[in-house]
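Just so it is clear, A, B, C, D, E, F, G, H, I and J label the chains in written order, and each chain counts residues from 1 on its own.
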Amino acid sequence: MQRHLIWEKIEEAKESKKLSWEEIARQTGISAVFLVAVCMGKATAEKEQADRICALLGLGPEISDQLQKCVDRSWDKQVPNDPVLYRFYEAFGVYGEAVRELIWEKFGDGIMSAVDMVISLERVDTASGPRVRIVMDGKFLPYRKG
Amino acid sequence: MQRHLIWEKIEEAKESKKLSWEEIARQTGISAVFLVAVCMGKATAEKEQADRICALLGLGPEISDQLQKCVDRSWDKQVPNDPVLYRFYEAFGVYGEAVRELIWEKFGDGIMSAVDMVISLERVDTASGPRVRIVMDGKFLPYRKG
Amino acid sequence: MQRHLIWEKIEEAKESKKLSWEEIARQTGISAVFLVAVCMGKATAEKEQADRICALLGLGPEISDQLQKCVDRSWDKQVPNDPVLYRFYEAFGVYGEAVRELIWEKFGDGIMSAVDMVISLERVDTASGPRVRIVMDGKFLPYRKG
Amino acid sequence: MQRHLIWEKIEEAKESKKLSWEEIARQTGISAVFLVAVCMGKATAEKEQADRICALLGLGPEISDQLQKCVDRSWDKQVPNDPVLYRFYEAFGVYGEAVRELIWEKFGDGIMSAVDMVISLERVDTASGPRVRIVMDGKFLPYRKG
Amino acid sequence: MQRHLIWEKIEEAKESKKLSWEEIARQTGISAVFLVAVCMGKATAEKEQADRICALLGLGPEISDQLQKCVDRSWDKQVPNDPVLYRFYEAFGVYGEAVRELIWEKFGDGIMSAVDMVISLERVDTASGPRVRIVMDGKFLPYRKG
Amino acid sequence: MQRHLIWEKIEEAKESKKLSWEEIARQTGISAVFLVAVCMGKATAEKEQADRICALLGLGPEISDQLQKCVDRSWDKQVPNDPVLYRFYEAFGVYGEAVRELIWEKFGDGIMSAVDMVISLERVDTASGPRVRIVMDGKFLPYRKG
Amino acid sequence: MQRHLIWEKIEEAKESKKLSWEEIARQTGISAVFLVAVCMGKATAEKEQADRICALLGLGPEISDQLQKCVDRSWDKQVPNDPVLYRFYEAFGVYGEAVRELIWEKFGDGIMSAVDMVISLERVDTASGPRVRIVMDGKFLPYRKG
Amino acid sequence: MQRHLIWEKIEEAKESKKLSWEEIARQTGISAVFLVAVCMGKATAEKEQADRICALLGLGPEISDQLQKCVDRSWDKQVPNDPVLYRFYEAFGVYGEAVRELIWEKFGDGIMSAVDMVISLERVDTASGPRVRIVMDGKFLPYRKG
Amino acid sequence: MQRHLIWEKIEEAKESKKLSWEEIARQTGISAVFLVAVCMGKATAEKEQADRICALLGLGPEISDQLQKCVDRSWDKQVPNDPVLYRFYEAFGVYGEAVRELIWEKFGDGIMSAVDMVISLERVDTASGPRVRIVMDGKFLPYRKG
Amino acid sequence: MQRHLIWEKIEEAKESKKLSWEEIARQTGISAVFLVAVCMGKATAEKEQADRICALLGLGPEISDQLQKCVDRSWDKQVPNDPVLYRFYEAFGVYGEAVRELIWEKFGDGIMSAVDMVISLERVDTASGPRVRIVMDGKFLPYRKG
């Protein structure tokens, strides 16, 4: 079964059970961004994670199997143009080199891993309105010297 | 004076005074990512911010004036390929749609602003090595309904 | 149901009821550009807006539900080449930097939001023929200083 | 003399005379967006317009001559990524087809000219903050039927 | 009905009636390039034009209705590579700037409209073989000065 | 000497002698588009043509030599965006396939040469304003069958 | 019938009759590269050529008719990446300008036609292994001087 | 010394000695396309070849040394648009897949090398005018099976 | 039968027989990367190789026939963005020129063949975790000197 | 001092001392590919590595300092077209997905790091000629599950 069909099945189950992603994340103990990425076919779950998702949503073991399979994480647009997605791209177009300068200062020559990384998102309500707070927490990988 | 010349002057002053960005940020009270972006010509400072930076680095008022000017925030590569910069791009290529799904759930129809946004970066040392922790804190902007 | 099928259903209903967009906009109290964008799947309506559109066109609640869902606002061509669409692109290719210069002068460092924005269009008949008058009215967002 | 050198000369004269674009526009009777575009080398002035600009700024006839010359109106980036410029691009990426639908309804088969067009910009202060109001006023050109 | 299906129907009718485009153009009084463009869905006919085409080809009113609808005139390849189409592109790549220089000399600051334009094509037989003669006849549009 | 320097020399000479391209074309007996293309370095002149151009403009034999040299006819932008140049591109984007259909009908399988081609331009004044009339006259080249 | 379906029919017939392209070329008297291009829908045959191909392969007159129709010779990838095709592209990327220099020396200002061109291919067995020998034989077309 | 300066020096020497490439090729015993490619910096000569070229042209040993150095054979335009160069590209866009089909038939699974390849060019005068005859003679390289 | 259908059949057979690629490689005596490439339709097997693969997986001779057919080895994305694939691309973006410098030093002017090449992959477990070890073993091809 | 100037200084020193990269690698104990990458400005050395390189080549401490600085590892061409570099790109275009399949089988969901990676190159002389043997040895990084 193709991943986008699994996504549709999950969306239907989620809607019929009136569950939010936040609620599914809480009940399965899986962090929300990773959870949604697994369901969209952009990440791969551990067996127990996949089983918990399927149990909660009332989906069979063949769905759980699929959620555990390694996937091609490609995307289509080199530069996204949906406005929500574009803002993430723009933020690092504008501030990326400044962030790199600080990584060099605090860590030395290396990168922040995009593989051993956890992304999380939070809503913060302030006097001047709600704010989106995204945390990217990635392992620092030093360059191999030789 | 062109912005990349200002960047060179700032780097020289910073080196000769043996100041780190962290130290400059602390002494000027300006957050570090924004501070570096101003010095690189990718952001614009308030007068008092620019004056404090120049005072600390021993640079004249003509540099301070420049740091306050509105700038073109363009960048050259549609897709960055320096490995540090690419990982930021990849993170949102892989997880961007999952993040958007959660913004829709928690906030409704709108975006996280890349203009009213603060980016910060922290080093977290863990048993399995240092981690980079980047926080993007942006105002939620709901779509105007008509 | 996919958004392009909804668009077809709306077009059929509109044609069979001999309604113009101007008339639908007037009767529903929704501004015309936003109204068409909602029907094309490039914008999301409030519940009462969606219900009014469906009531007027004789469409069921499942259509109204769809019109309220958050949507991916992506488009396919980086540079449009349909002649009508290209002229909008060209206008800002030619005059965009001049407009930015004036935004900087009148507002300072920031942008005109494309999210908290209303676009409207009017026909103005003059001695030398009809003119198209498009108004873009967007909130000014100042850059966060740090 | 190359156009970007003229731009620099104009900027210097404007600064030393402490004139804003709004003031130059008012005193010369030339609309502001067009005025700035002429000075940037993206538009061509009539003789009397060029002369008035140069008289006000104290620039010689060789500058006025240049401002009257036909120019290549090309730009470099197919998709702008400076945030101010990108928002104009995004606005028509999202709403362009809706605007075209309404042009078809109100005018029939044709385009809004980007040549016989006036763009203007205004600041509107509201309770919820300042708004940018851009008006594009272009002649409707019907397609030649054969 | 989609435009490419209409094109197929027209081609079938034209073949079964053994009509050439030249003959259809002559009998309907519609110029040939525009006529073919209408049938391909790259142009829109007036009602009487569409009716005459359908009458001659024995096609029903639903086809005539379609030929009168406004259409998206987009094309897929930024640079065509079919050899016939490429030569048109190449001709203006090589001679376009020279042609522009002469438009500036003879008309001043403005463009040749691609909307109020008639393209025609003729075969000219000469001693050294047949030649293609394409005439582009477009309205000159002066730039609006402000 | 590089071709763009020759272009500057020719422009200066033309201005100081107050000659138009039309006049130079008339006096040298060279068609105007080709003449300008030679001077811009996008075409190569015969010896007698180059000599006549230089004699009229008072330029030396080293310029004449250069005008006779074979040149790289490349251009930079795959899709031009100067508005004058873009309209030529658009005209064939919209009507190119219709023109090809007629070439096939009138000539059979082959192309209009862009090498054995003469482009000319004329101003036609009509009641509704001036029109640009461009004629492309190119040899038909049939495809070699094997 | 679409051209890729014809290609499949031809391949089946060729396989069931155990004919090689070399053998079909020999028996029909059509050069091999052109023959294959016709069958792939990238070239157009004369009536007698098409009839001979169909007679040999046992295909009906509707296939022969199709092989005679003018075709769009477009291709999809601007730069091919199949390794066989890429090597042709690379050869002219590396040696193209050297070949042009020699065309200029031996023929003057003009091109080698890609329309009045015959391409042939031969296998040459040498002591150090087989070699591919491709001959491109194209008419020289001098540039029209004016 | 940079390769384009060497090219200029070679061109000057060649002109002052009134030598054609054909003559230089004949006197040095080096095939002409390769010879020109070496001089343009797109190929590397053996020591004796470089010495013979320099001896004939009266150039010193430092030039000969340079001609023997390994070079980056990159080129700038993914798709060439100079008309001479484009025709080579077009020829393989149209006929490349047909040529590949015949390589597969005559040689099996592999490629024609673009490295162990000799390109030569000849002028053939025929009753219907001169023809360019380019021969690409490349080693067949079978794919390694495992 | 299309290659991606063959891939699906092979995957099903492999799963139902609970075979790993490593096991299939061992039992057929075919190296693993090449084996998988053949099954994916990116390489062509010898008859005995294809027969052995099909015998082991219980697939019929029509599959074996297909695995022996020459294939188009094209790929879709110029720059891959799946993270696994991107790292290979990045490795040569960063180190490719250094590797080339060493090929020039150790072998002289030429390339490492990507056709007469074997790629293999091994897992190496170390104290600091598992490492991927990829070996590219390609024939050196010297450039033909003329 | 800019990195490409350092590269030139290093090349001069290396030539005047008649050292090969292999020799420099042996004497400094730094692996060759990394060594060259450092000298080209595509990698950063440890202090002792930089000092050893400079000592051997007779270069001063300001060069050593530079070699230790963090660098932007960007490259210009998305797809390289120098033939040596292109073959690396092609190898992974053809075999990349097969390699990924085997990484998934042997390691599970993750990537081969391009940061904690060592690339080495060896010449292997065989009966059928020399072969290039490149080893990429990179740490396996498992995807973070949440």
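Convention: contacts are C-beta pairs under 8 Å (C-beta built on N, C-alpha and C of every residue); 3 or more make two chains touch, one makes a residue touch a chain.
All of these numbers come straight from a predicted model, not from anything done at the bench.
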| item | value |
| --- | --- |
| Intersection of contact partners for subunit E and subunit J | G, H |
| Mutual neighbours - chains that touch subunit B and subunit I alike | A, J |
| Taking each chain's C-alpha mean as its centre, the one farthest from subunit A | F |
| Angle of the C-alpha superposing rotation, subunit A to subunit F, to the nearest 5 degrees | 180 |
| Centre distance in Å when subunit E and subunit G are each reduced to the mean of their C-alpha atoms | 31 |
| Between subunit C and subunit H, centroid-to-centroid distance (C-alpha), Å | 56 |
| Chain centre separation (subunit B, subunit F; CA means) in Å | 50 |
| Overlap residues in subunit C, where contacts from two or more other chains coincide | 34, 43, 73, 75, 78-83, 90, 93-94, 111, 113-115, 117 |
| Chain pairs in mutual contact under the definition given at the outset | A-B, A-C, A-D, A-I, A-J, B-C, B-D, B-I, B-J, C-D, C-E, C-F, D-E, D-F, E-F, E-G, E-H, F-G, F-H, G-H, G-I, G-J, H-I, H-J, I-J |
| Interface residues, subunit B side, partner subunit J - complex | 77, 79-83 |
| Touching residues on subunit H, where the partner in the complex is subunit J | 72-75, 78, 114-115 |
| For the subunit H and subunit G complex, residues of the former touching the latter | 20-22, 32-34, 36-37, 40, 42-43, 73, 75, 78-80, 82-85, 87-103, 105-107, 111-114, 117, 119, 121, 123-124, 128-140 |
| Residue numbers on subunit F that touch subunit G, as the complex places them | 30-31, 34-35, 43-46, 49, 70, 104, 108-111, 113, 115-118, 141-146 |
| Contact footprint of subunit J on subunit G as seen in their complex | 79, 81, 83, 86, 90, 93-94 |
